[in-house]
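Each structure below is given as structure tokens.
In what follows, chain A forms one complex with chain B and a second complex with chain C.
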Partner chain A sequence: METAVNATISALVLSSMYIVVALGFALLLSIMGVLNFAHGAIYMVGGYICYQFAVESGLNQWLSLLLSVIIVGSFGLFLEKFCFRPFLGDMYRTIVMAIAIILILETTVNVLVGVHIRSLPAFVPGILRAGAISLSAERLVTFAIGGVLLLALTWFIRKAKAGQQMLAVAQDVEGAALQGIDIHRISALACVMGCGLAAVAGSLMGAVFELSPFMGNYMLVKAIQLVILSGIGSIGGILVAGLIIGSIDATLPLFTSGAVTQAIGLGIIIVLLLFRPQGLFGREVA
Partner chain B sequence: MKGKKLLVIVGSICLISLVAALPFAASCAEPAPEVKTLKIGKLAALTGFGSAAEALCWEGAQVAEEWFNEQGGITINGQQYLIKLVVEDLKGTADGAVAAANKLVYDHKVKFIVGSVVPYMVAAAGTVTEPAEVLRSVEYNCATPAEYGPDTPYTFMGNDGTVEGNTALLTYVTETYPELKTTVIVIPDDGSIPYLGPIIKRTAEERGLTVLGDVIAWTHDTVDFTPIMAKALALGPDTLTLINGWPAPVGAMLKAAREAGFTGPVTCAHNPCEDILEVAGPAASTNYFATGIVADSPDMTPMIKEIAPRFIEKYGHALYYNYWGFNVVYVLVNAIEAAQSVDHTVVRDNWEKMKTIDSIYGPSTMGGLETYGINHTVCHPVAIQSLMDAQVKHIKWVEVKVP
Partner chain C sequence: MAERQFSIRGRRKLTRITVYVVLIVILLLLPLFIKSPYLIHIFILTLIYIIAASSLRLIAVSGQLSLGHAAFMSIGAYTAGILGKLLGWTPWVTMPLGALATMAVAVLIGYPMARLRAIYFSMVSLFFGIGVLAINQAFESFTGGYAGLIGIPPLFAGSKVANYYFFLGLTGLSLLILHRFEFCRIGTTIKAVAQSHVVASSVGINESGYRILALAVGCFFAGLAGAGYAHYNLVLSHSTFNFLASVYLLIYVLVGGIGSFAGPVIGTAVLIIIPELFRVLKEFVPYIFAGILLIVIFVMPQGLAGLPEQIRSWVREWRKGKAVTHAS
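On to the complex of A and B.
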């Protein structure tokens, strides 16, 4: 019983972590149609920048998180203008560009920071216990932040003017341009938001787990799984997809060995996609 | 007057002849002996998987090279040799390991190699070095036959491997805490479980611990260890025996175990406390035991006290894996000098019969014939350290003799 309860809580927390990581990736893919494989590397850089401010410079950790979001978000402007905009519509060149960004960022961090283990201190230290249930405050905060970000992003897309413009661009770029929407401005905004979300995720995960120059690779795979399962174009679907994948990853290891868990998890996703290839909430492409 | 003139002429001729003969006299003197170079290959994952440790091993090896050469190198049958290390990057993959080994063996033509650590890379490099009969002093092994055993007659274990380190740790923990009766064994799912599982289980049982359940496995790409620890703790052990892994996953497991409310001892050889503290955080970093070097402890060996400041001066740190990298070069070069030969087969034949060999951890013996099927393990003393309330402390040295 204790194990079941703890597994449920673990599933919810893990799901929220995956959702936080996947939001930025999903935003760029939905709005700009860009498969930003560098999302994992950007997430990693966000974590290290937060570490630099919080641990090396001694700033308040929440302030360090904010600074990391600002810096990495600003990097998104550079990315959109010089890395993605010239190749919009050309998926292969965009992918090559993303891979180049991954290599540059990972190698730079590896050389500058080195191979030593690092970890951010907990944003909120302490463990909450209620009977047989125990949960770190850190994970609870991550869960809460993930939920708030998801709600905020969903509200922004549906209600805010810029969000509605993003939807319009996602549906039909030419039509949106004809309506007077500045495509480049909207794309830049999406990129800034995507990178900012990656920085939040990297900083939070750097405290829950640890920092390494290659930490983004695993989370990138999870982000892609979430986006494929939820369906391209669906931000809200990220919630359901995150819950499915987080639950699989949190509960299967209790019954099987690690390698089998990965295989079963991917197998479930494949089976779901066989019945619904556009994802759970995606739109069918004619 | 005539006689005087004759004397001056003869004297001048003699003087000129003497001066002219001097260069020839010098060249006829015995020439100074030429100092030769003993090239030793170094395999290390400088990038990719495993680089967190293996790059530090490479640092240690370089300090060993400098240390030996400052002593004048080694002397083999009157011939002086300076050590020259040549490194190739394994790139964290088996393919990279094969490529690196090929370069060392066939491009650089080395007959002695040190490194590496990660089992699949050690095994992969062995597919090149063994047929070429290149003598290797590896930093680690996980008891799989592909890495180290009768099929690798030119491979020696320069450092304590999984079995040796965890034997020392289990010996200390069970002697110090006799109230501990049960444990759960957790091992990475990297192919070593069929070999390590029975050995570690037997080692634990010989020391009075009952092993609960089967070995719990985890993959190297696991990020969240909460489910793994939940599975282990559901069996109700007094202590957790973590085998292998790197500081990142081991620290994450310690953190997850403490967050789940487990307060018992957690042990893991070769994952030093200062790294675990960094990952697990101060709150979770207690009641953890590992093998590792606390350089400023007065109980350290003279060699460790000598080389620790060198690491700090050169690299700004003296970390556990630095000592690994230094030691495998140290024992190999000592073995070469003991054999008084630079022939790799002669060195091998002599090394496996040596009664004692010096390591940086102290006097060591050769062992491993019963455990691995080959008598190529340098059994050296192992330093036990503890992490209590986020404080790292050296506890004691434990002698390990692997049969």
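On to the complex of A and C.
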């Protein structure tokens, strides 16, 4: 019973964090057409900035999380304006750019902090007890934050004006521009939001698991899996894909080794894609 | 006018042939001047990765941007390594077998994957790459897993120079075959499929067949490079063929210039050798690598191979600009 409940909780924690990171990746992909491989590195940097403020400078941990989001978000602004805007529509050059950003971020963290694995202290320490079942409060809070963020984001995209503009740009860039939507402003907004979300996820995951300069690679692969499984251009699909992949990653390690879990998860995705080449909810792209 | 153009073209061809001859002579004489075994080692690695990057470019030319190429290298490498270690077969047999095994795997997965286009192909090839790595690790007792596969028989024991000449020959031969393949009729058809699969299939070209063919030929050479690496390095480690290794191969192609045959050769050589020159900087070396990438994407849209053409156009612009200022 306790194992089952804990597996469910960790499935939810993993799913919500995967979805938060993948949404940022998907926003950039559908709005700017940029395959941002640096998203994992940005997630990692978010975690490390929170660590620097909370542990090295001794600030309040929630304040450090906020600072990390602000700093990484403004980096997103820089990213859109100087790194991706000059190469819009040229996928090859944006890929090279993203790799250059990964190298610079990872090396900087490596030089400044070192390769040793670090960990953020728990945001909410303690264990909740409900009858015979004990749960880590940390994980519940992580899931709650992820859920609230997702709700807020869904509301923003469905109801707010800027969110609707984002959808329009994702559907058809030229059509949106003809309607008087400022494409660059929307791209910048998407970039800032994506980076901010990655920073939140990086900080929370740094507390639940650990921080290492290369933790972004794993998350990047997960984000790509979610986006491709759901299909490019679908936001609701990412939620479903996130729940599928998060459940696989949380439950299968109970039965087999990590490598087999990974192989099975990837096998499922590959087989699904062979039957639906455009993803579960996606549309065909050129 | 036509005659003048012809003479310019003839002169360019002559320059090109001279460059090739000089390059080959330098490469042949290199071990006479460079005595450091470490540098020779770097050159051998560069040669191996040139085969891999060029074969990746062939696949990319067919409209399939593969992000799992290092996994194909690993199939060749582990096939050759395990055959050599467990059965004691000579490298001269295991290397072609490794390449053929890789080709077989490529045909098997290329068949279903021919349905996927553009970015979905790239992503599934990426998942395939990670999956191969995970399978490799799941059979740890067989492949060595993280600890690495050791005890692979060497090609030429102890002699770096012999290895250098062998890989120089192998790379030259592979490049020659890849070049012939790309510019023969099949290669042209493959490029046509990449440009527009609708038009190509409407004139009766078997689209998926040609895409699988490109994947198979490309992966044959990837497997060959991997098998060569196995018998040269003698230790196969898990991390040599991970997701980032695939991305790096793609970066070699893109930085060199995906539009020209020489692109991957130049890109690989520059991106392996130049960071190696700055080895004293230790953990700062990735900055050098990133710097090269940034310079290339901001200054050279066609990649390093497009540099001569671009300099020519800059000079033309500059001359024109000067002529205009003279006239005014």
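The criterion applied here is as follows: the second predicted complex is superposed on the first by the 278 of 286 C-alpha atoms of A that agree within 3 Å, B and C clash if a C-alpha of one lies under 4 Å from a C-alpha of the other, contacts with A are read in each partner's own complex, and residues count from 1 in each chain.
Going forward, contacts are C-beta pairs under 8 Å (C-beta built on N, C-alpha and C of every residue); 3 or more make two chains touch, one makes a residue touch a chain.
On a predicted model such as this, the values are computed, not experimentally measured, just so you know.
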{"item": "Partner chain in contact with A:110 - chain B first, chain C second, else both or neither", "value": "both"}
{"item": "First (chain B), second (chain C), both or neither touched by A:136", "value": "first"}
{"item": "Touching partner for A:266 - first (chain B), second (chain C), both, neither", "value": "second"}
{"item": "Contacts of A:257 with chain B and chain C, given as first, second, both or neither", "value": "both"}
{"item": "Touching partner for A:232 - first (chain B), second (chain C), both, neither", "value": "second"}
{"item": "Touching partner for A:100 - first (chain B), second (chain C), both, neither", "value": "second"}
{"item": "Residues of chain A at both interfaces, chain B in one complex, chain C in the other", "value": "110, 257, 259, 262"}
{"item": "Touching residues (chain side chain A, partner chain B) in the complex", "value": "2-3, 6-7, 10, 14, 17, 110, 114-119, 121-122, 125-127, 129, 134-136, 209-210, 212, 218-219, 249-254, 257-259, 261-262"}
{"item": "Touch list for chain B against partner chain A, complex", "value": "47, 51-53, 55-56, 189, 217-219, 221-224, 226-228, 230-231, 234, 247-248, 251-252, 258-261, 275, 278-279, 281, 283, 317, 319"}
{"item": "Residues of chain A that touch chain C when the two form their complex", "value": "35, 37, 86-87, 90, 92-93, 95-97, 99-101, 103-104, 106-107, 110-111, 217, 221, 224-225, 228, 232, 257, 259-260, 262-263, 266-267, 269-270, 273-274, 277-279, 284-286"}
{"item": "List of chain C residues in touch with chain A within their complex", "value": "112-113, 115-120, 123-124, 126-128, 130-131, 134-135, 137-138, 140, 243-244, 247, 250-251, 254-255, 258, 283-284, 286-287, 289-290, 293-294, 296-298, 301"}
